[in-house]
Amino acid sequence: MTKSTGILLVSHVKEVAEGLTRLLDQVAGDVTIKTAGGSEDGGIGTSFDLIAETLESFEEKTIFCFFDLGSAQMNLEMAIETSDKDVQLMKTAFIEGAYTGASLLQAEVDPDEISRQLKKLVIKD
Amino acid sequence: MTKSTGILLVSHVKEVAEGLTRLLDQVAGDVTIKTAGGSEDGGIGTSFDLIAETLESFEEKTIFCFFDLGSAQMNLEMAIETSDKDVQLMKTAFIEGAYTGASLLQAEVDPDEISRQLKKLVIKD
Amino acid sequence: MDKTEKWINWITHFTEVIIEHKDDLNGLDSAIGDGDHGSNMDRGVKAVKEKIDGADYDELTDLFKDIGMRLVSKVGGASGPLYGSAFISMAKAAKESQEPAVLLEAGLEGVVKRGKADPGEKTMVDVWHPVVNSVKEGSLTQSVIDDALESTKEMKATKGRASYLGERSIGHIDPGAQSSAYLFTTLLEAGVLDD
Amino acid sequence: MDKTEKWINWITHFTEVIIEHKDDLNGLDSAIGDGDHGSNMDRGVKAVKEKIDGADYDELTDLFKDIGMRLVSKVGGASGPLYGSAFISMAKAAKESQEPAVLLEAGLEGVVKRGKADPGEKTMVDVWHPVVNSVKEGSLTQSVIDDALESTKEMKATKGRASYLGERSIGHIDPGAQSSAYLFTTLLEAGVLDD
């Protein structure tokens, strides 16, 4: 943990979340990036348990959360409600938002300013 | 080929493009979905050759193309210029746009109407 | 008959019906979604069954809480948090009341709080909402459930995965509405509403 | 000296300089990008070298076309299509003219057509543009190149990957501007502009 804010990537597909991490690591090597991809049994879907556990495993107090499709959102919201972290659910385009957020965290831009910049990429309601 | 329009997914990361295919196959089993993910040597990036070859390999005449980050776009545009297919470059959120496009193609919505619906998800310029 | 027994019978019966109709639910979800609603619910109710089979519940709130937590953990997808929130919300209400109308209304509130769907958006809310209203009026019958379910067919989805299809979602029954119809049919059959 | 020779000398020299500065270019790209510009260019120029080494070029257009196609195929990233378009555009112009000013102007047009960047957006265009203008005026010197390169430092990126950083891109030299500076320094050194 070398930044105060971490990133959680929630995707319906494990490989997508993990592959995206590789892309972000290139531009944000000092930002903690974790994934909760796929359903519990390794299939396509999202898992509340996996999301909640992954959230808790962060040392960072603030976590930017990005997700792919709407059906991940409800699992995420439940996990956020049961967490004591400061979790910001980003309703941006998944990959593009996560890439932008990671780049800006790496450059030590203030998290509030990052949230503002991410507004341009919001496409979910 | 059971629909007249196919989908090409261009990502900087092979696993992201392939993982996304799994997600789309769930909702669009009859739509041809192909990927050009990663650089030539299997690393992170995009490859003109891979994109151009993949485009040519479609039996479909019309192809909806989705991409993750801007630096994929120029390789894609070059490949489109050298192709004789009708390729539509979608400047939408990558995963969300591809998911929506695939769902609507599967439901046999007219491609022009799909392009219109995808406008809501445009975030690239 | 102790106070949790008929509720346990209900859930047990619901479990059986879901397992029996797994493929039907997957089929409905294939038409306007990703084809997994049956598999999701099947996994969820089996986990519930495992949890409550043989367990002793003195308090309804404990029963509902266990059901809700299992569903959240195991169903996955959109319906996991939705059904889970329903039962967790019922568990909270059960600390104050044993009234089916009160409990089921809390369940509906849980679903709506989680999914933010209004009636008419072609979701499970389109079954929950009229059913809970009828329970409150003491007028729930099978045909109320059937009509509610059928009404989702002509709706255009504006929430959930089916909303990606826009107009093309019309003409199909919503899978979550179908599983909710099973929930309330088995509620009637288990005699939870009888006094 | 035949008409393609000095151009081949230029590219051969450019290749060496890129290979030598691979890590420097990666370092610049690490600050405001993904750290691969050196590796990308290194891969590209090596493929160019392989193609042109030993080959005989009677026509400049063939030489430029081979260089452009190799760069497009092998560099990857944003700079592949950009440098590739520059040389492919130069290949077209070389069918009509052998004038360095005309050819390099066509190269700039190729870069701009592909990347749609204006001067001031912190890209390679900020080197290409002033350099090509100076070549047209017959006034290109090393300090024109150095100044152009240095000017990218205080710019805020609005094109390419560095644009994700907004204000934070200020204070760093653009990696593509640096590789372009190598391109034009080696052009001077190879005597392509001498007559």
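Labels A, B, C and D are assigned to the chains in the order they are written; within every chain, residues are numbered from 1.
Just so it is clear, a contact is a pair of C-beta atoms (placed from the backbone, for glycine too) under 8 Å apart; a residue touches a chain by one contact, two chains touch by 3 or more.
Which protein is which chain? UniProt says A, B, C, D = phosphoenolpyruvate--glycerone phosphotransferase.
Since this is a predicted model, take the numbers as computed values, not measurements.
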Selected pair, out of B-D, A-D or B-C, that shares over half of its residue contact pairs with A-C: B-D
Contact-richer chain pair (by C-beta pairs counted) among B-D and B-C: B-D
Interchain centroid distance [CA atoms averaged], chain B/chain D, Å: 30
Geometric centre distance via CA averages, chain D-chain C, whole Å: 63
Chain A and chain D, separation of their C-alpha mean positions in angstrom: 37
Two or more partner chains touched - positions in chain A: 26, 44, 69, 99
Contacts with two or more other chains, residues of chain C listed in rising order: 34, 36, 161
Sites on chain B touched by chain C in the complex: 26-27, 99-100, 103-104, 107-109, 117
Contacting residues of chain A [partner chain B, same complex]: 11-16, 18-20, 22-23, 26, 44, 68-69, 92-96, 99, 120-121, 123-124
Chain D residues within the chain A interface of the complex: 33-36, 161, 164-166, 168
Complex interface listing, chain C residues touching chain A: 34, 36, 40, 43, 72-74, 76-78, 80-82, 84-85, 114-115, 160-161
Chain B to chain D touching residues, read off their complex: 39-41, 44-49, 69-71, 74-75, 77-78
